[in-house]
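Across the two complexes that follow, chain A remains constant while its partner is chain B and subsequently chain C.
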Partner chain A sequence: MKTNSEYMLRKIAGETILIPTGSASQKLNGMIRLTETAAFIWQQVDTASDLAEIVERLQEEYEVDRETANQDVHGFLYQLYIRDIVRDIPEFEENPGGEKQ
Partner chain B sequence: MLTIQPNDGYEKYLFERAYDTHTPISGTFELLPTCNMDCRMCYIRISPEEMRRQGRMLSAGEWLRIGRQAGEAGALFILLTGGEPLLHPEFREIYKGLRALGMCVTVNTNGTLITEEIADMWGSDLPRRINISLYGSSDEIYGEFCRNPQGFTQVMRGIRLLKERNIPVKLNCTLTPWNRDDMDNIIRISEELEVPVSIPTYLFPPARKGGCAACGETPEEYRLTPQEAAREQVKALWRAYHDDWDYRENLQKILDEIQEREKNSDKNVLPPGGFLCSAGVRSFWVNWKGVLTPCGMMTTPAQDLQTMDFASAWRDISEASSRIFTSAKCFNCKYRKICQTCAASARAETGDDGNTVPYHCEMCREYERLLKEHLKEIQEEAT
Partner chain C sequence: MKYHVYIKIGPVLYDICSEEPCKVREEYQQFVFYPMDAGGVDDEASSCRRRVCCEVRIVDRFSNIEGDLIYENPERMVFVSGEREYRLYAGVRGVCGIYREMKGKEDQVEIELLRDEIPEFEINLIFLEMLAMERFLLKENALVLHSSYIIWKGEGIVFTAPSGTGKSTQAELWRRYAGSEIINGDRSILWWNPAEKRFEVCGIPFCGSSRINRNCSAPLRAVVFLEQAAENRARPCFPPECIRKMFAEMSINQWNPKAVQKSLELIENISKQVDMVRLECNMEPGAVDTLRNYINRQ
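Showing the complex of A and B:
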């Protein structure tokens, strides 16, 4: 599981955004706004071994129940996955649609 | 569930956040002062010999060091300009390096040096936009005004290369005595190419080359008179509307706002410190020697980024900018919303940040008069 290195994470004036560069800019020439939680999830992708670990980290960081954390992680990352913004997520390869198991 | 948020209006929100937090979100890197053209009104261009006498261009490594530090301070939107930025021998490295830092990069160019290779580079890593200065609709005008008799042919080729690669383009056409009769042709070109065009009519005096307009040290022939500038501004406004009704509504709105300000404004309000624009609050300029200023039209306050880190230099510039005071008369003027005066303009025109600028006063008076006249004509035609 990894983030697409053509998307640069920037923190500007308290906001967190992704800037597409290189070939990614041809799909979206602009920026993607991340909420605080979305930014947290993004930052876990390159170091977590699977989605379940990101869900756990999200629960450790925020007071959120497991079901909500699961929905947020799966739902958000699936949207990124189908746009090639994150890659190599076996759960989505096996389970198109991104619903939790 | 979390979703990817749409971008509509978000950039505007970001700019507002940056303004409130004094984050230097947008900046200009003036890569060099030389140009392959020699436009008569240019306030920056100097010869290569003069450049070498004054200093040296920064290398790609130096620009990227400044870019990295600016990025850490919150810079997101970088405009590359010149002179002609494509003349910088390491333009490619600078552009790609800034993109790799996560910057949204816009480029101001005269468009005559755009090659297949440059267009391919931009096409494979899109800029936010390429702004092309279009000075006229023929090689004759380019020869006379820019001293480049192939200029128009070259710039049209450049625009075609960009369009073929779906690179966002905008045309900027500053009206001067040399091309003022060409406005209709320029608008026609923008419509045929389906690219937006902006047509400013006000030109700063070339104060960076020494002297100010009021000191009589710079000739006035390089720009329109205030009355001419107002007339062309109204014409450009008229051409921007394809619908008479929308145009009429807009004229009425501008005139109502002027009247409203005249009735209600307290004439004695003192302006807060600062430029009254984004300069020194959320935007900055770095000249070709690596000197940071709030805006490209002012040479002070300034800090040398070769000897000071960006964050410290920005703090100094921002603080110094807040101690600049514009004219109280301008701040309370009924024309404030339509007037283009600012501290930089006041300094360039009169030598003092706090002065009113007779050029702007005359232009605004004429603009209002012409709007009223035009509105009356349209209303009479409609009845």
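Showing the complex of A and C:
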């Protein structure tokens, strides 16, 4: 599981944004605004071994129940996965929550 | 024998050198200087921070380009090799010109024009696009903003918004009802002038369909974000909103991560030093009063 290194995470005036660079800027020009939770999830992707680990870390950090954390992690990362912003997530390859676009 | 002309874009001076003389389209004359101008180019050059040498060749066949294709749209393809860029520009039938940066020479570029596509060397829109201005401007802490640009009482005001919102309409209202001069109807250069320690706004040849592109600079008084509305209303536009809005309307080489990073830092600085105004406006003279009252109160 890894983030697409062409996406830059930056904090601007208290807001966290993702900016596509390199060939990714071809597909998406501009920036993506992240909520605090989304930014936290993004930052776990390169070091966590699977989605369950990110769910655990999210629960530790924000004291949310397992179901909510699970929905946040799967929902957000699936949206990024189908846009090639995060890669190599076996859970989505084997059991996609929908068709890969 | 080599012919030289000089093109001055904000803080950057291009020294254009070729074996064939070039014509200059009337609408770009204000940005072009010749070696024989009285006082001439030395005066102009001394006010520029960076001099870029650009050798132009009219060729029957392009020489090779290197690097990996990183960006492509109908107008151009960008190849990157290390820190250097190559660009291919589309003409009517195919590639009409190539822009090439030189190894180990930061401010030296080559442009090849294909004889079949471009029968005579002319400073025109497509040639100006081949100069990769945003790349050299950024090295001097300057950014190109999609905006109309007026000078009012010696200071620059830029109106920015997505196309069709009314940038040139507001500029025209200010010309008519506030005695402002319109410098450009579609683009401007925002530049940190290190000598004056302030942001300034400069003219640029590109002007969309507005046909107004004068070469004038002024201290930057305000960046105004336009929104169409029935009633006129002005208020401050705070970060991060103003940063997002500026980023969206800047010409940024988004394929280049370093350029993105530097542009963001610069935009953040602009938002700290210059008035950021959100103007909900209609197309009536009252829009001028609303903004003028707001600016005068600051």
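Assume the second predicted complex is superposed on the first by the 97 of 101 C-alpha atoms of A that agree within 3 Å, B and C clash if a C-alpha of one lies under 4 Å from a C-alpha of the other, contacts with A are read in each partner's own complex, and residues count from 1 in each chain.
Just so it is clear, a residue touches a chain if its C-beta (ideal position, glycine included) is under 8 Å from a C-beta of that chain, and two chains touch if they have at least 3 such contacts.
Remember, it's a predicted structure, so these values are computed and weren't measured experimentally.
*Asks:* Kindly say whether there is room for both chain B and chain C on chain A in the superposition, answering fit or clash.
*Replies:* Once both complexes are aligned on chain A, chain B and chain C clash.
*Asks:* With both structures superposed, pick whichever of chain B and chain C touches the larger number of chain A residues.
*Replies:* Ranking chain B and chain C by residues of chain A touched puts B first.
*Asks:* Pick one for A:71: touches chain B only (first), chain C only (second), both, or neither.
*Replies:* In the superposed model, A:71 contacts chain B only, not chain C.
*Asks:* Going by the contact rule set out at the top, does A:38 touch chain B (first), chain C (second), both, or neither?
*Replies:* first
*Asks:* Name the contact category of A:10: first (chain B only), second (chain C only), both, or neither.
*Replies:* Both: A:10 reaches chain B and chain C.
*Asks:* Stretches 127-135, 217-225 or 307-315 of chain B: which one clashes with chain C?
*Replies:* 127-135
*Asks:* Considering only the contact definition stated at the top, list the common interface residues of chain A for chain B and chain C.
*Replies:* Looking at chain A, the two contact sets intersect at 8, 10, 12-15, 17, 19, 21-23, 25-26, 29-31, 33.
*Asks:* Within their complex, state which residues of chain C touch chain A.
*Replies:* Within the complex, chain C touches chain A at residues 70-73, 238-240, 243-244, 247-248, 254-257, 260-261, 264, 268, 271.
*Asks:* Can you tell me which positions in chain A touch chain C when the two form their complex?
*Replies:* Checking each residue of chain A against chain C gives 6, 8, 10, 12-15, 17, 19-23, 25-26, 29-31, 33.
*Asks:* Using the touch definition from the top, list the residues of chain A that touch chain B in their complex.
*Replies:* 8-10, 12-15, 17, 19, 21-23, 25-26, 29-35, 37-38, 41, 71-72, 75-76, 79-80, 83
*Asks:* Help me check something: in the complex, which residues belonging to chain B touch chain A?
*Replies:* 1-5, 7, 10-11, 14, 17-18, 20-21, 23, 25, 71, 74, 76, 99-104, 123-126, 128, 168
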